[in-house]
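Structure incoming, see below.
Going by the order they are written in, the chains are A, B, C, D, E and F; count residues from 1 in each one.
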Amino acid sequence: MVRSDGRNDDVLRDIRITRGYQTWPAGSVLIEFGNTRVLCAASVTEGVPRWRSGSGLGWVTAEYAMLPSATHSRSDRESVKGRIGGRTHEISRLIGRSLRACIDLAALGENTIVIDCDVIQADGGTRTAAITGAYVALADAVTYLGAAGRLADPSPLSCAVSAVSVGVVDGRVRLDLPYEEDSRAEVDMNVVATDAGTLIEVQGTGEGATFARSTLDRMLDVALQGCAELNRIQAEALSAPYPGVLPEPKSGGRR
Amino acid sequence: MVRSDGRNDDVLRDIRITRGYQTWPAGSVLIEFGNTRVLCAASVTEGVPRWRSGSGLGWVTAEYAMLPSATHSRSDRESVKGRIGGRTHEISRLIGRSLRACIDLAALGENTIVIDCDVIQADGGTRTAAITGAYVALADAVTYLGAAGRLADPSPLSCAVSAVSVGVVDGRVRLDLPYEEDSRAEVDMNVVATDAGTLIEVQGTGEGATFARSTLDRMLDVALQGCAELNRIQAEALSAPYPGVLPEPKSGGRR
Amino acid sequence: MVRSDGRNDDVLRDIRITRGYQTWPAGSVLIEFGNTRVLCAASVTEGVPRWRSGSGLGWVTAEYAMLPSATHSRSDRESVKGRIGGRTHEISRLIGRSLRACIDLAALGENTIVIDCDVIQADGGTRTAAITGAYVALADAVTYLGAAGRLADPSPLSCAVSAVSVGVVDGRVRLDLPYEEDSRAEVDMNVVATDAGTLIEVQGTGEGATFARSTLDRMLDVALQGCAELNRIQAEALSAPYPGVLPEPKSGGRR
Amino acid sequence: MVRSDGRNDDVLRDIRITRGYQTWPAGSVLIEFGNTRVLCAASVTEGVPRWRSGSGLGWVTAEYAMLPSATHSRSDRESVKGRIGGRTHEISRLIGRSLRACIDLAALGENTIVIDCDVIQADGGTRTAAITGAYVALADAVTYLGAAGRLADPSPLSCAVSAVSVGVVDGRVRLDLPYEEDSRAEVDMNVVATDAGTLIEVQGTGEGATFARSTLDRMLDVALQGCAELNRIQAEALSAPYPGVLPEPKSGGRR
Amino acid sequence: MVRSDGRNDDVLRDIRITRGYQTWPAGSVLIEFGNTRVLCAASVTEGVPRWRSGSGLGWVTAEYAMLPSATHSRSDRESVKGRIGGRTHEISRLIGRSLRACIDLAALGENTIVIDCDVIQADGGTRTAAITGAYVALADAVTYLGAAGRLADPSPLSCAVSAVSVGVVDGRVRLDLPYEEDSRAEVDMNVVATDAGTLIEVQGTGEGATFARSTLDRMLDVALQGCAELNRIQAEALSAPYPGVLPEPKSGGRR
Amino acid sequence: MVRSDGRNDDVLRDIRITRGYQTWPAGSVLIEFGNTRVLCAASVTEGVPRWRSGSGLGWVTAEYAMLPSATHSRSDRESVKGRIGGRTHEISRLIGRSLRACIDLAALGENTIVIDCDVIQADGGTRTAAITGAYVALADAVTYLGAAGRLADPSPLSCAVSAVSVGVVDGRVRLDLPYEEDSRAEVDMNVVATDAGTLIEVQGTGEGATFARSTLDRMLDVALQGCAELNRIQAEALSAPYPGVLPEPKSGGRR
């Protein structure tokens, strides 16, 4: 039983990473998982939120949102509704937690990095694409802060972070589901992992169904192998030089 | 290395389930996991939300909240802030999803059951206590609807649902963490399972750390055994008769 | 003409006061007026709101809310609606005003006491039960602050405060109305009084009707006698020792 | 001890009532209690809110607000804050309740009258001025509906309604307090009464103090005499013809 | 083709300016353009918003709103809706910008002037009436600050500001449109100008139509002549003495 | 005096129009004015808002927003703030009005087109780029509806619409200002025009300054010539075939 886009069950969609997509943020990455496209921008500011001030620790947080035009049928704008929905909240928190697992906030010094993940086009897996792209934007922002001499310690990143979805569709465990598969999956799981093969977050849900422990085990196998492939693509993207102009030490200004 | 409350690593806190805690809702359960106390009330109404109307299917949803006085230091009231926080949203959605996995919405008929989970006292594990108690309240609400002759099919519940937390504390995998352990856990996981031993939801998070696949496996073992014990306690609680006055068939009125 | 619960017109429902209902707040009282149950928790914090800072005066405020499951038919959650309703606002302000009438804010020192009154079950008279219970929680919080050596003066409470409803039902003046009577009362009045027999607040309303001055006088007679009885019950409840562990002087920490 | 504006303790400020202040609403009254000026506009619409639809009953409701420039120091605009404060809510509800006590909603037929009370200048007693003026605006709106042939019954108003404040200032019971007295009153009371001498609403509050039953009695004496004088002034104002163009029967259109 | 109110195409409605309409604000002006009536109140406070603090510059801002009863059919209250609409936002910003063009904020010193423009009755041209009246209120507030010795420089106003609407109705360019014309205008333009004949703001809009450059030119001619006439009326109104009690130097207090 | 990017005063920045940027909306255009990049997506739905239903007329509306990462320093997300700012409201309304001037809503039939203009990168002129791009997206959406046989009339577009900014910088009238010029312009104007050379909207503002009528005339000359050039570029972009798959008549589905 072949997938509608011709992939084998354990194969990722085409992944593309474009660094330096925007001019102003210190890191700006367009990441594509097939037709899913997410813009991940890492903005740096001096100082930390008040509740953290004076601790010597930095802060990393994330905000996720969808353009109204990103989905099959237009979705209402959350700013117009005047409220952020539960799903948006949940994903923003997940991205922030995932990135904080790979960075030493003491080494970051009292700087704040906000990562905005805005979905330009949604075709399944937007949260996992967002995490995978956000890591690359974060790496660029760290390079920027390092060049500016604003880090407390030169290497705050302890590992790379990637994420992928996996699910049970038509009774088969499949990797990196597009919307067409995601919408009819019996089980849906998102896995966030490091390039050391360890786990940061595992979220598996039966969609109106329940699943066996053995299914969970098989999904984890497939997801971890997908994350390893994503780590390889991230590393390749980051092997090119910083895509903008780096600041002189302590020159400040950019974010 | 013994736990501060004297339990072994794989043992639940004292669990108490009080049915019929309130008078008006069709199901009302006070559940206690040690010092954590959650009031779970299942209110029934005829009809379903507009987007579902005419489908013949029922609907089950949940809302979770904390009393300001439930926590160690008083927390601000979300109604006063005018916004529901991300954590509240996330847990409400989790409870609703978990319960919908065990109920046949066609058998429920066009009825809505809203489950309010209000935390009276918080000492870790409020979301897992809420799910475990909410199932019992749901079962009572279903009994109520059945007596009233309002079910499309007499047995809409396909399984029982319970949930428990598990984590890594002081390097050891421990079950059902109180606040004192939860706040310093390296890994934190919530597992929702059925009395058939299958999984509904698995959410594991490294708290500023990452964790090995083998740790995940060990946590699942412990959690599933905890859920089985919770299922036993639920069944015992539900073996007593319905704690209120059941309606005459089609008599309506109560919720 | 006898009342549906068998009481005489000028008799209170069964009143029960449980101190120490929750573990964390400095005062936590479950008060019951028949089937009406309100949880009153007094949390203490050092310091006062900014607009009062440096005045040497303390502050006492209150927040009232209902659980959605407390009422005959489920009520929507104000946090979900994103707004506090007029009735909630009104009652919160009434409770705060009533308690501030019995406490010397200079003697309290620059401490804030927030009293959360959460209605667990509503059967008429929730605001008067809340005030009556809140006074007991406040007294416990003051004892707590005194033990901690945080009061500017050892006895900030100048009197005890209780409240009761009175109304005209079926043409008769009746005390402490349950929902069944309240919903069809022609006149409805709430009286807040001290144990010295003086008044703090009187709010009487014709419900789509008007009432004679002589009716008002009769309602006040009955209400003041009800308040005196409530003061007696409060005093008895407070004659037992503080229901938790008192702090060492200046040990701080608890709220 | 004379009052700062030279009045005796039991005398009202100068009261002025201007009907037809605005062109579009069916009733529009500017009422002045000394320097306090409130614009009361009664707008009529066919139909009633959904929850009342089909009952054959009409509906009367009120909204109270202050212009930011009405107070001694400018107050923030509630529309800009995005929330209505507790005081605003409380007064809006009081005005609506007071007016509904004097109108037969069945006689009104399925029409809605909204009364907007906007404070142009505040110098104490804005809520009592609002109620007193709102009654006159309501009477004009009823005349308007009658001329249009839209009433179910020709005389829906059963009595006139007026309101006045009374308080204890410098140890003396005084009528109709301006801001200067109100801000230092020991006891503050608002009384809403009918031209039959009966009561609609009594709200008395000790401001950080308590008061004796005998003080309450004395305040009621003074307030009821003030309301009687206000009823006389209302009647005089309403003795002039309707200040605009009355509709032809069933001509509709205006509000 | 004559206008419904008998005016020639290039003639203003009757303009009336009443200074000192309210007691507390430093400037308070009721302005009438025919049946359109706007209350413009200028309140002064010491200090400036935080983002401007320490700059030595003052600040002038404006808020525009409509009473619900001001319009032909009652409009909902923005405070009740919990949001300010786009139109309100737009006009508030326009008024503030227009006034800031005529005042030297350095000469004003670190004072803030807030101008509240509340529409009492709407019959077209409310924003242009608001700007024209707001200038007069601003001039009074400046006089007030000058008398109090609080200006950094004695003459902060560099010119007078007035505004008028102009439109194409029935194919003819007409000045100062009432609602009846405004609602069917093909082109609608608002012009803000100084008494030196220069422009501050020009906003012209085709209402579902487009318009020729030559029409724009003709509309500007008519509008500028209307503004000149308004400047004359403003000057005449301001030729009378300040309508309240001026403060002693540095006596502060009033706003 | 040469501009910092080397352009002559009356020359546009590089303009690039990419049709078919997203897959799901019926029209999706990325427009670039130099470094300013705006994504304009036109989504079609059957039916119209309730207030317009049954009129036979269609509806076109627009929503404008900025990504937080689009600006030099990160801007807060309006969905997180829970409110749309005045500037956003103002621009959304301007875009909607401008597009409605070029479309015959009767010919459109009872269809709604929502145009989302999301600024990916901001460097001055975002609202004029948005209008210019939105017209192209609208044209594609109309083509889409035509192919689906859903138009009441085959050619609802009566003209093309473009917009450009013009301002006075360093005393010189300049076209299409980048942020660096915009932020220090003395006068700022936006002109929306048709390919017939007529005007739709003119908004000119003195930024803390006033300007002569002759300056306005000169700005209009330059702006109209800029709009003509933009119309030429739009026409060229639209000369290529529709960038996606057109529906079969009445096949529906896409938006």
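A few comments on the model shown:
As a working rule, contacts are C-beta pairs under 8 Å (C-beta built on N, C-alpha and C of every residue); 3 or more make two chains touch, one makes a residue touch a chain.
Protein identities per chain, from UniProt: A, B, C, D, E, F = Ribonuclease PH.
A quick note: this is a predicted structure, and the numbers were derived from the prediction, not measured.
Distance from chain B (Ribonuclease PH) peaks, on a Cα-centroid basis, for E.
Per-chain Cα centroids separate chain A (Ribonuclease PH) from chain C (Ribonuclease PH) by 50 Å.
The distance from the centre of chain C (Ribonuclease PH) to the centre of chain F (Ribonuclease PH), each centre being the mean of the chain's C-alpha atoms, comes to 59 Å. Note on chain placement: the centre of chain A (Ribonuclease PH) and the centre of chain B (Ribonuclease PH) lie 30 Å apart, centres being C-alpha means. Within chain B (Ribonuclease PH), residues 82-84 each touch two or more of the remaining chains. Beginning the circuit at chain D (Ribonuclease PH) and passing next to chain E (Ribonuclease PH), one meets the chains as D, E, F, A, B, C, using touch as defined. Contact residues of chain F (Ribonuclease PH) toward chain A (Ribonuclease PH) in the complex are 22-25, 28, 35, 39, 41, 43, 45, 63, 65, 67-74, 77-84, 88, 114, 116, 118, 120-121, 255.
Looking at the complex, you find that chain A (Ribonuclease PH) touches chain B (Ribonuclease PH) at residues 83, 85-87, 89-90, 92-93, 97, 100-101, 159, 189, 194, 196-206, 208-213, 216-217, 220, 224.
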